[in-house]
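Lettered A, B, C, D and E in written order, each chain numbered from 1.
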Amino acid sequence: MFKKSLNTEDTLENAGLTVEEQQLFSNARPQAYEPYPIKAVEDFANWARANSLWILAFGTGCGAIEMRPLMTARFDANRFGVAGRPTPRQSSVFVIGGYASVKTLKRIVRSYEQMQGPKFVIALGICPVNGGMYFDSYNTVNRFDQYLPVDLYITGCMPRPEVLVAGIMELQKMIKAGKCNGANRYVDNFDWYKANQKKVIKNWDMPDYNW
Amino acid sequence: MSLRDLLSPFYVWQRAFEKPYTTKRPTLDRPGAPAYRGFHINITETCVGCGSCHTICQNHAIDMVAVDEYVGRDGDSGLRPRFDYGRCCWCGLCVDICTAGSLRMSNEYAWISEDPGDFHFTAGIDDKPWQENALGYRRAEGYHLYPPKRITMPMLPVEESVNTFDEVVRGYDKEQAKKEADRCVECGICVATCPAHMDVPDYIHSIRDGDYEKGLQLMYRTNPFPATCGRICTRRCESVCPVGILGEPVAIRWLKRFIVDQVDKKDYPRILNEPIGESDFKVAIIGAGPGGLSAAYYLRQQGHAVTVYESRASAGGMLRYGVPSYRLPDVELDKDIEHILAIGVDIKYDTEIGRDISFETLLEDNDAIFMSTGLSVPSSMRIHGEDHPRVLSGLQVLADVASGRDPGIGKKIAVIGGGNVAMDAARVSRRLGADVTLLYRRRISDMPADDEEIDESQAEGVVIVQQAIPVEVLDADGTERVCIKWGEAKMVDDPKGGRPRPVLQEDRMHTETYDCIISAIGQSSDLGYLSSEVQDQLAIEWGRFKPVEYQHTMMEKVFVGGDFANRTADAISAIEDGHHAARGINRFLNPDAFIKAEMQDE
Amino acid sequence: MNTIDEILDYAIDQEQQAADFYEEVAKNAETASMKKILLDFSEEEKHHKKILQAVKTGEHELTPQQEILDLKIADYLVEVEVSKNISYQDALIIAMKRERAAYELYTDIAARVPEGHLREVLDGLAREEEKHKLFFETEYDERILTDN
Amino acid sequence: MNEKTLNTMLEKLKQEFDISDIVEHKPRLTTFTVSKQHAETLIRELRDREAYTHLNFMTCIDYIEDGIFSLVYMLHNYGKKHSLGVHVNISRNGEEVFSIHTLWAQAWTYQRELREMYGIRFTDSPRLDEDFCLEGWDQIPPMRREFDTKKFSHERFGHREGRSSEVPREHMKVQLYPNRGGDEE
Amino acid sequence: MTSLNRHTLTGHSAALDFSQPEPVDLSSGKYVKLWQGPQHPGITGNMSLELTLEGDTIIGCKTHVGYLHRGFEKLMERRTFIQNFTVVCRIAVPEPTFNEYLYSHAVEELSGIEIPDRAVWLRTLNLELMRLASFLMWIGGQSGAFGMYTVPNWTLSHRDFVLDLFEEMTGARIYHMYIVPGGVRAGLPEGFEKRARDVMDSTEKMLGQVERVMFNNAVTKARSRGLGIIDPEMIDPYGIVGPNARACGVARDLRKDEPYLAYDQLDFDIITGHDCDAYGRAWQRLQETRQSIDLIRQCLDRMPVDGPFQADMPNVLHWKVPAGETYVKAECTRGEYGYYMVTDGSEYVRRVHVRGPSYTHAIAVMERLAVGCNIADIAGLMVSLHTYPPEIER
């Protein structure tokens, strides 16, 4: 029922879990996305992906406040193929709404890893870039790209719904061009990301890779 | 549950016929509001790089970075703000505090990038699409984060001041000084502009803290004449004070004076308590003006035996004999001089070099010499009749008054000139009861005299006739009177640039009779005490010294400073010359120590 | 003095004489700095001479119509004597007055010759001297008349 | 609030509970200090007898230089529209404090927060040791004044490189007059 | 009121039993522990509820907060007084201006600054617009929590029109940073009044439609009637304030009780309700939204057009506020919002404590009201208490 990698060399330790829990969780590493060998098929897939960006409804920070106008009548993001989804399993875009506190970062990592590939991350506002308003806070991370791969940054405080729309269109362009490979970056540098995450999340009581 | 309750949700259908809320093209159709706070715009030409934006930014989003094309501009730090959009929260406090009014925000809000390292730029230097944006946030009229207006200085009323040699400016009280000190933004641009590089923001800070003793210590680090400079400094610092760009500059001079006024003279030794070094060297100083005494003060601190030679009966030079006591009371000047003498500076009064002791002897007997004899010879107009006995020199009138002699000017006089000496002569004459007309060949706005001096002299009843070129002095009826012929001038633009020049209009001549004419058109140096060989060795150019590094001349032991060695010819420059020469003399006397120290640095 | 070349030769000679004059004064000047100033004046005159020579060979053209600013400073100053310890102010006065005299001379002659090329050359020379005068007057205005 | 009734009440409290440092900040706010042993009874009395029935908040001020924490209980009387700030000074070194969780329902939350942010322990306060805002916190309680949040943030979270700034005054000195100014050799 | 006081004084009411529920034996298999949030669409903001269920009935609830904790109170201790004014608005994202006002007011009170009349009116207008925007979002949220997504589309769009007004007035949509210690940052732009009145008219019309489709809606009624009943006796012991208390018939409103800004010059009455359940609270808020529109119109009528909008200020770069202590409060959409500030005469504030009404509404009250609820109603209950997690953890 659970994938257990046979190759012991290439498994994760899951040291944060109890022995009992270790039996329950997968210890496999994430796998990179391989594009379709035929370019036309891959292009078509990218076109389809770009036009059905489903956003995970997780308001991680203050940027979430502008998601509501974005999703309602005035800015109506649905017409761009954007929809909010309550579960990571159905979502392809994770919008980081500004700052991430350490406590939230843990949940962000968990939700992100549960998302199905191909998946994309948009970081809103100044805080994920360089700490922003909370550059000296003891509870918020300063450089979000240390912990998860970000495909697109939209700066400003706050970014308005208009620029969110522009960001989504930009993301669509990038996806169609096959340039959004944040998730693969995460796979390739998994150990580095994981080490960074563990450096700030001190009570690591979840699997190393939440699949 | 009624039927109405069941049907009410269907009421939403009614809205199907109303205009939808949806914005068709959100990214194009919706610019930010006219006063939207978006990305920054900086007019770099207007910006002076004071760094107030950097100071106020709570997110440390602003770096001050050097921009080559602005390095070395007057009153400009050469730095410009660079914004980190991984930090900026669009609060606009930087715009609110901007002293130059150069910073504002555009109503542009879209900046999307894949690279998180992209998000910084130097506004106005790096090319960004919003740089030309006309809309966006700017500080509203009537909204200030620091008081733009200066605290009014209490002054003697004109009706009183014109009758007395008492000081006109009364000085701030503690409350006023604190409020004025509060206006400083602590950028430090004034420090670079001050010839002596005084620690202006620091001593202003000490006023806010109420720690006047610390303020005094800070001032003496670079200037042993704070009481004097606090009254008569030409205050170039204030001309570059960024607070003055949109409001009135911080009254730096009055604040300096305030500190000195708060400290009693007899506490000076305790507060300053200068350590005196150990040295066997002897240094002679010619001229006990601000330059000479400043050098003496800093040289003495190194432990050298310092002797000052002064041709007159009192020390102070132009400060005593050229500045009237309603601007600088003798007691205040003495406060400064006495402290310099108190640390062990020896002074020989009534001793003229070349008459009482030769320059060559001095050179032989001392390890180094600092010369600062200033500009003591009044310039001549070189017009016909100038040698008329009723044509007096401004310097002489001022010296007479300072020494308590009657200059004998009469009741109706004319002053020629537009500098501070002319103003002083005019105002002194008013105090002696004369009606004063001042003739100046250019416009009032061209006058080299201090604006305050011009305003105050006019308030005191000095009639200023501008664009008046004297062409001839004529005899009048009686030996006690004199005639002057002058012509009106028109200002003509110089095709080669430079300021407009006055051109005499020969068909518009006037002749007027006065009791005397006071000529105050400038001074030059008297180097009669130097032999021509020495003058040659010193490489004097254009009638003035041109010292090399550290005020050193081409002669091994000789250093110069003061009015005859700089182009600004004011007290503060002389003080710095003296201080700098003291540094130079130290290096000259102890070359090993400095070479060692420099090698260690590298 | 009838031909243009003759007039130009005379003018060139005048400039040379002026240069010689300053050199002579410089020789007697007491201080090195004053010497240098006077030699600079001399150089200036030699430069004028070169311009006139260029006019003669046709490499340079005179500009008789040009309006030259007259500051009228020289007009009302007293005559000063040449001496060993001559000041910079006096040296400038001498220079201004000499240029003024030359200007007046050419203007005078020009008024007496009939209109034509010759008159144009004389006018051009007058303008040239006027320029020189302006040079010294500007210097005087800048450096001597500072507070006045 | 009527000044006379306020004074009467304060006078009474002074006698009963030995309150001190009474300051009337504005007509609707008075604060005073009371010792720890009287505080619990005093607060209960204020609630039940003087109708200060509303707990606006409860917090703590760190006076590190005096070595004390000053607990503040802000109580409000809706009828008289008057607030009382009760200060209770305790030692910074782990002194345990009475709990008021039986007086107000939200009190234990405040106490939990103060435990986390200052490290103050409240006797028998429920769920005191549960995490409130922080999770996996391994430093001294962050609201204590000796905790340097900027330094901590810099060390743990880092900052994006590529930033450097000049101070105008120093920059001008280096550029324009390196050998001059007040710094003597 | 009288009955309320009697109970709180005697202290024998059931409302005064705040003991924590007994932990249940999870291993029995009878109960399920379920986390709702932080990543969950049915949660207000970024927080989570730890629910213990028996079937689909909640028998225990624990609120977990801190996901938005940024340590504002710490950050404010190391920023100057002017710098803090840009920080405080971030404490409550949907309603930043109350923070701006209270922070500024506390600083002004401690440093003895009197703000000019025009600033008073501009601030009042600003706060009322904010109240309107916040209520509009809340109505959308409440309707969405009961499964009707049409109303959010209306109210959030109208909230956006109010945000447009903010954008014009203050230069920003969300973080206005308009109310600055000493006054406000600018006067009203030209034509603002007309546009504001238009928005008020259309919003009022829209509220009528909302009333019809939401408040008369059989589903809304069925789901919200009887949900989360607040016993009036709980009000003081639980520190319940604002519309949550007023819906229970308790006439307490700081705008009236302890008037601040221009509220003593405005004509309005405290609105109270009598249904203590979620429906009653929603109805209460709808009426207060309408009242807010009325107050905005009054502000626009009486706004002075000329005059200074900022008091004489010291240089803010080294502004020292005299030592002192104060507690200032204002009526925000959720009740008493307060700033407790202690200064020590330096350039930095000694201590700021921000008191948000959600502190008790989202924890003590929520944990009690959730017990006995159906799991499906928990989102509706949460919204009906109108809580903002960031003001709890700050």
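Here is the rule we go by: a residue touches a chain if its C-beta (ideal position, glycine included) is under 8 Å from a C-beta of that chain, and two chains touch if they have at least 3 such contacts.
On a predicted model such as this, the values are computed, not experimentally measured, just so you know.
Undergrad: Looking at the contacts, which chains touch subunit B and subunit E alike?
TA: A, D
Undergrad: Count of steps on the shortest touching-chain route from subunit B to subunit C?
TA: The distance in steps between these two chains is 1.
Undergrad: So, comparing each chain's Cα centre against the centre of all protein Cα atoms, which one is closest?
TA: If one averages C-alpha positions chain by chain, the most central is B.
Undergrad: Roughly how many whole angstrom separate the Cα centroids of subunit A and subunit B?
TA: 59
Undergrad: Roughly how far is subunit A from subunit D, centre to centre by C-alpha average, rounded to an integer in Å?
TA: Roughly 38 Å, centre to centre.
Undergrad: As a quick test, compute the distance in whole Å between the mean CA positions of subunit A and subunit E.
TA: Whole-Å distance between the two chain centres: 31.
Undergrad: Report, in whole Å, the distance between the mean C-alpha point of subunit B and the mean C-alpha point of subunit D.
TA: For subunit B versus subunit D, the centre distance works out to 49 Å.
Undergrad: Of all the residues in subunit E, which ones touch at least 2 other chains?
TA: 66, 69, 71, 74-75, 78, 87, 153-154, 157, 160, 175 - these are the residues of subunit E that touch more than one other chain.
Undergrad: Would you please write down the residue numbers of subunit A that are in contact with two or more other chains?
TA: 73-74, 103, 129-131, 133, 135-140, 143, 157, 160
Undergrad: What parts of subunit B, by residue number, touch at least two of the other chains?
TA: Within subunit B, the residues that touch at least two other chains are 21, 32, 84, 86, 89-90, 116.
Undergrad: Output every touching chain pair, sorted by label.
TA: A-B, A-D, A-E, B-C, B-D, B-E, D-E
Undergrad: Going by the contact rule at the top, pick out the subunit E residues touching subunit D in the complex.
TA: 5, 8-9, 11, 18-20, 65-66, 69, 71, 73-75, 77-78, 109, 234, 236-239, 252, 257-258, 324-327, 329, 336, 338, 340, 342, 350-351, 353, 355, 359-360, 363-365, 368, 393
Undergrad: Could you list, by residue number, the parts of subunit A that touch subunit B in their complex?
TA: Listed in rising order, the residues are 73-76, 123, 126, 128-133, 135, 143, 145, 150-157, 159-163, 165-167, 169-170, 174, 179.
Undergrad: Of all residues in subunit B, which touch subunit A in the complex?
TA: Spelled out, the residues of subunit B in touch with subunit A are 20-23, 26-27, 30, 32, 38, 59-60, 84-90, 109-116, 118-119.
Undergrad: Taking the complex as given, what residues does subunit B use to touch subunit D?
TA: Per the touch definition, subunit B meets subunit D at residues 49-51, 54, 62-66, 71-72, 77-79, 82, 84, 86, 116-117, 120, 187-189, 191-192, 197-199, 201, 218, 221-222, 550, 576, 580, 583, 586-587, 594, 597.
Undergrad: Spell out the part of subunit A that touches subunit E in their complex, as residue ranges.
TA: Residues of subunit A touching subunit E: 56-62, 64-66, 68-69, 72-74, 84, 86, 88, 99, 101, 103-104, 107, 111, 133-134, 136-140, 157-158, 160.
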